[in-house]
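The same chain A turns up in both complexes below, where it pairs with chain B and then with chain C.
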Partner chain A sequence: MINRRHFLTTVAVGTASAAALAACGAGSSSSGETGTAEKPVTINYTWWGNDDRAERTRKAIALFESKNPDIKVNGNFTDFAGYWQKRATEAAGGGLPDVMQWDLSYLRDYGQRNQLLDLGTVKINTDAFEKSLLPSGQIKGKTYGIPTSTNAFAVYYDPAKLASLGIAEPDGSWTYKEFNDFLTEVGTKSNSALFGSTDYTGVWWMFNIWLRQNNIEAFTEDGKLGFTKDDMKKWWNTTAGLRGTPAIVSEERVTQLAPKSPFGSNVTATEVTWDNFMAGYLGDSGAKELKLVPVPSDDPDNLGLFLKPSMLMVASAKTKYKDAAARFIDFMVNDPEVGQIFKTSRGVPASKTQRDGTTFEGTDKLVVDYEKSIEQYLKDAPEPPIVGFGTLEASFKRVSSDLNYGKLTIDGAADAWFKEAEDLIKQNA
Partner chain B sequence: MTTMATPTQSTPDAQVPHYNPKSESAAAKRAKSTIFHVVALALTAVVLYPGLWMIASSFKPNAEIGGANTSLWSNNFSFDNFVTAMEGIGGVSTLQFFTNSLILAIGAVVGTILSASVSAYAFARIKFPGRSIFFGMMIATLLLPFHVVIIPQYIVFQQLGLVDTYVPLLIGKFLAADAFFVFLMVQFMRNLPGELDEAARIDGAGHVRIFTSIMLPLMKPALISTSIFSFIWSWNDFLGPLLYLNTPDKYPLPLALRLFVDQTQSSDYGAMIAMSVLALLPVLIFFLVFQRYIVEGVSTQGLKG
Partner chain C sequence: MDARAGYTFLLPWLLGFIALTVGPMISSLYLSFTNYNLFDPPKWIGLDNYTTLFQDERFLQSVGVTVGYVVFGTPLKLAAALAVAMLLNSKRRGQGFYRSAFYAPSLIGASVSIAIVWKAMFGDSGPVDQGLSFFGINLGGWVGNPSMTMPMFILLTVWQFGAPMVIFLAGLKQIPNDLYEAASMDGAGPVRKFFNITWPMLSPVIFFNLLMETIHAFQIFASAYIISNGEGGPAGSTLFYTLYLYLRGFSDFRMGYASAMAWLLVIVVGIITLIFFRTSKSWVHYSGDAK
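For the complex of A and B:
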């Protein structure tokens, strides 16, 4: 039993020393330790993703090491869900890896808690980036993340399915009414064998785009809600006439099909979501070809669209090798050869240098062309979402699915979501 | 437990039970037994269906798994998923993941058996000051949720430089930190007759001799059930390896399985399911081999005195 007592003492000592280390961590040198070709420094880089990404990243790391013999990169990866559990533990234990692939929804959380390095203090070239994109990696004037790549919202459709129903392919200039009519046409012409779409009003980002189309901001600068309950009710009323008709697939069916999406399961003809889901949909559905058009808008000059960083590169605030970390991030976001390795598997490359140095073919080209086609409509990227945004997004989805189940009225749904959102914002204030 | 023979000697089927002899005819009995078996089989089918689904799906192409596909068998039967699964992930072979899982599982079994049995002997057979307090404390750790200790533990191992080794995952097993197994063995040992120890002591045996020559052989059933549970728990453990291992070369199977499914890119459900089938095999074999001993052990428990 001495073991257990000893163990408890070790825990106490460990916690205390971690706190002590954290306290003196701020005083380290500005560029960190550097290596030489004979005695290289090793930085840890971690990412989430599947086998395909692991293979591509390995190639990129090998290329980086051959160009920078004074730095070795030790690459590790896990799946997306496990990735955040692991980061949370490491952050609490003071052991975040030097360089990490990052997701926009976690940026504010870790940035505010000073876990991430201010990349404005190190040398990373951002000249080739759209000026409207960079603020999405910044919090209160500090740059915590550099976007590797972008994605944009789009309406996917399967041309083969539309052709078999004798429906003309859409060109993407449509109002909400025209879009709804299109969904109804798919549902009725196919005798409900095929639904138009899932209820797109249940997608948070589509709501966000609709708000932008109406010149309303989703969140104010001080992290409060920028829209009213009436806005939300108006939004959910957009598809009020479609719920329970062949235009929209029922919530029961959506649940049955999970984890696959109705679109990936060939149950719907269209889907409104991010343009980098292309490869996943092609794999799930087995379709030959899928196409992308812009989202509907009642104001043809304001589509409310924007480029969002599909992922970012960040460094740990406690890294001992700031200079090496910065060089690796710069290489991963700017190098044209890295673009050639990843193509669009991380999203469309954000840096123009990297984008121009990459040849896109097939589906990759479709996604890149789509983002080019909407260029004139693009507005500023959103700021890093507020802390707890993930919860809000999930509850938006849940409330709107209850709406589709008929468990809630539109008024009740708006009340339920607002109560949750206000509590959450108060908690994190 | 007593030293008498087990009272549940089964009577041969032909014999009519001696209580209430004329209540049932042979036909009624047969009908009852038929109903019982039909219901039992139906329940078995329901319970085993997910397993069957998994095996059937492992032979299907990825696009036909889940979603709108409701049929169990596919016409496009193929071993492609197994081929993909065996290719490994990100340059690490699947065999490597298996080996890692085996090292962890066997390490856990050996560690738990050695440490838990010794600790249990102390609690059950040696009177030392504060024994009941320590015993209570040990039971109390059972009530402590794992999630509470994650971060302090991580900090300790991080400071000791033991992250990305198997030490954090195995050291607890060798230090009897699994209170459940210690408790299980203590309860088992308390049921063994104390006369056995006394007889051994009269013959001049010390604690070491009593433990190795008397207790360990009698504890076989408890040791075997401990082995089975600790093997399966370690084999299926996801969170521990996720937190403590960084290098993909060191990942065990549960981590590798998750790498086939990535909602942010494309997901290869087929390969994941095929690998799940492969990952299930060792556990199944381990259980089939050792479950015989549990039954055997329980029915002869305490008889050897």
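For the complex of A and C:
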């Protein structure tokens, strides 16, 4: 039988402790350790993306290794959300991979905190880059990231779907009202079998573009918010009449479909997002053809569009193999054969050498042509956003989703986001 | 001499315990009083993290979600475990097989793959949706519906009743059969026998399981992380305490804040444990007690 002592000694206290162990990185000489063909050095490279990108990256790595027998590249990838949590853990332990694919949203977080290598101190050729694009990888005069490619915002649509509903293809010169009417027409004519779009006001970068259309910068130079709560409410009100109608797919559906997008799942007729998602959408949806047109604007002369580095290449500040890392980055951004491998799946190659060495056909050509067609409207690329921007972008998406679930009013959503943003800016000041 | 030998044998475990558990816990206690972003040295801010917590709506939401899960999930799970244990306690052919079959989900239930399967089962037009539609209940997918995610998580935990079931079964086997025989002679029915014999005789085991499962439930993380893509959605309905703690620490770089949350959880779970022990005197019976 069971006696008391037996039991009372079995005291269990559950603990959940998040502990961060600090480790120290090793010092190194100016160019770092180098290898030879007989005894190659191994560098770690990590990126985010899907299987398609993994396959292309593997090809690029194999090509690099055959051209550089003294370096081996050890590749590793995850999806976008998990990617940043992993990097945070590694950075805390001092073990970031040698070379990493990077996003503009997180450049300040790591660059300003001395986690990334100043690429100005190593040999990477940037002669073939647009001079207006390079500053997006720079903070206070130091170069932390080299853009691999550019992307721009666009409205995707599937011409076949529109044709089957008897709706004319858009030409991309539309106001928000015209765009909204178009979405409603899709939803009504298809009897809700096909929704117009997702709620595009939930996309941070579309908000940013709208702000630019109204001549407002999202962030001030001293790292504060450049817009007001009223701007934000006005933005979310743009689609107030569409939420809960066939113009916009319900948030329930969006959540269920994740990580696939509603557009890629053939649930919506259009999607407002980056133009380099073309290859992914084609693969997901199985559509024969997808087309791109500019985003709506109430000012036909100011579309608020810009070319953003779709991704950057960075190196860890603590890498032991600076020279090898620099050569790999140089190869990934400049080599024409790498352009042939990736086409526009990373965006349009930023380096002219790589761009000119790549043949764009079919849908890849559509993406390149789209970026050419909006050239006259392009403004300067935004500087790297503020420290903690990745968090703000995520909470913008979350608050917008709560809004669509009806859990928050527009006023409540704006209050919630501003509270988080102000708290974060204060934290990092 | 004996003591020295004892400690020598204990040493490997003790070193691990100090280096891997006590050390990190102490440093997290320190960090909970600081503003620490993983990169810059921690800045001492006193109790700020703890006071901010209670003005943080997301934090309060995560407390609500977790408490709801513990309060509904744990008793249901234990009830299922006890019911099945009693069924398996009778002498029938093939009991060994049934025991293994019921125990299996608790071995694999916490794994990543099960969370992924669960997500697919409860999605739009998944087996659950289709099964319910067959009976005329059209709920749609549970995964995207903020009011259906909690029932889904509770089902997931109830389904993993194997571990407490095995302990219940061991406890049931300890109850002397003559008690039941005597009760039968006096004309007691199954219900009476359950409340007058099984429950009091089993009460130490029930207490143990209740305590362990409650503590365990507070720590739910992996399944919530996977089913909600690490975001706690939809509409914050799966923002469990540990998930929010993790997001604060590793997505928002607020390690001090996350540490404060961790310590608050330790304290609250400690208090609950204490309350359990205090109140146990009135309903838990140990052999040898004069009662």
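In this text, the second predicted complex is superposed on the first by the 321 of 429 C-alpha atoms of A that agree within 3 Å, B and C clash if a C-alpha of one lies under 4 Å from a C-alpha of the other, contacts with A are read in each partner's own complex, and residues count from 1 in each chain.
The rule is simple: a residue touches a chain if its C-beta (ideal position, glycine included) is under 8 Å from a C-beta of that chain, and two chains touch if they have at least 3 such contacts.
None of the values given here were measured: they were computed from a predicted structure.
Student: Applying the touch criterion given at the start, work out whether A:340 contacts chain B, chain C, both or neither, answering first, second, both or neither.
Tutor: It touches nothing on chain B or chain C.
Student: Touch test for A:85: chain B only (first), chain C only (second), both, or neither?
Tutor: Both partners, chain B and chain C.
Student: Quick check for you: in the superposed arrangement, does A:190 touch first (chain B), second (chain C), both or neither?
Tutor: After superposition on chain A, A:190 lies in contact with neither partner.
Student: Should A:416 be classified as contacting the first partner (chain B), the second (chain C), both, or neither?
Tutor: The second partner, chain C, only.
Student: Is A:259 touching anything from chain B or chain C once the two structures are fitted on A? First, second, both or neither.
Tutor: both
Student: Looking at A:251 after the superposition, I want to know if it touches chain B, chain C, both of them or none. Which is it: first, second, both, neither?
Tutor: After superposing on A, A:251 lies in contact with chain C but is clear of chain B.
Student: For A:54, select first, second, both or neither according to whether it touches chain B, chain C, the two together, or no partner.
Tutor: In the superposition, A:54 touches chain B alone.
Student: Using the superposition on A, tell me which residues of chain A are in contact with chain B and, in the other complex, with chain C.
Tutor: Touching chain B and chain C on chain A: residues 1, 3-4, 7, 10-11, 14-15, 17-18, 81-82, 85, 89, 92, 259.
Student: Could you pull out which chain A residues touch chain B in their complex?
Tutor: 1, 3-4, 7, 10-11, 14-15, 17-18, 44, 46, 48-55, 58, 74, 76-82, 85-86, 89-90, 92-95, 97, 257, 259-260, 264-267, 279-280, 282-286, 345
Student: State the interface residues of chain B toward chain A in the complex, per the touch definition above.
Tutor: Chain B residues touching chain A: 62-63, 66-69, 89-91, 134, 137-138, 141, 150-156, 158-159, 163, 175-177, 238-239, 242-243, 246-248, 255, 258-268.
Student: Report the residues of chain C in contact with chain A in the complex, numbered from low to high.
Tutor: On the chain C side, the touching residues are 24-25, 27-28, 31, 35-40, 57, 123-124, 140-141, 143-146, 171, 174, 204-205, 207-208, 211-212, 215-216, 218-219, 229-231, 233-236, 242, 245-246, 249-255, 258-259, 262-263, 265-266, 269-270, 273, 277, 286-289.
Student: Show me the residue ranges of chain A that touch chain C in the complex, using the header's touch definition.
Tutor: Contact set of chain A toward chain C: 1-4, 7-8, 10-21, 81-82, 84-85, 88-89, 91-92, 109-110, 113-115, 251-256, 258-259, 388, 390-391, 394, 398, 401-402, 405, 407, 416, 424, 427-428.
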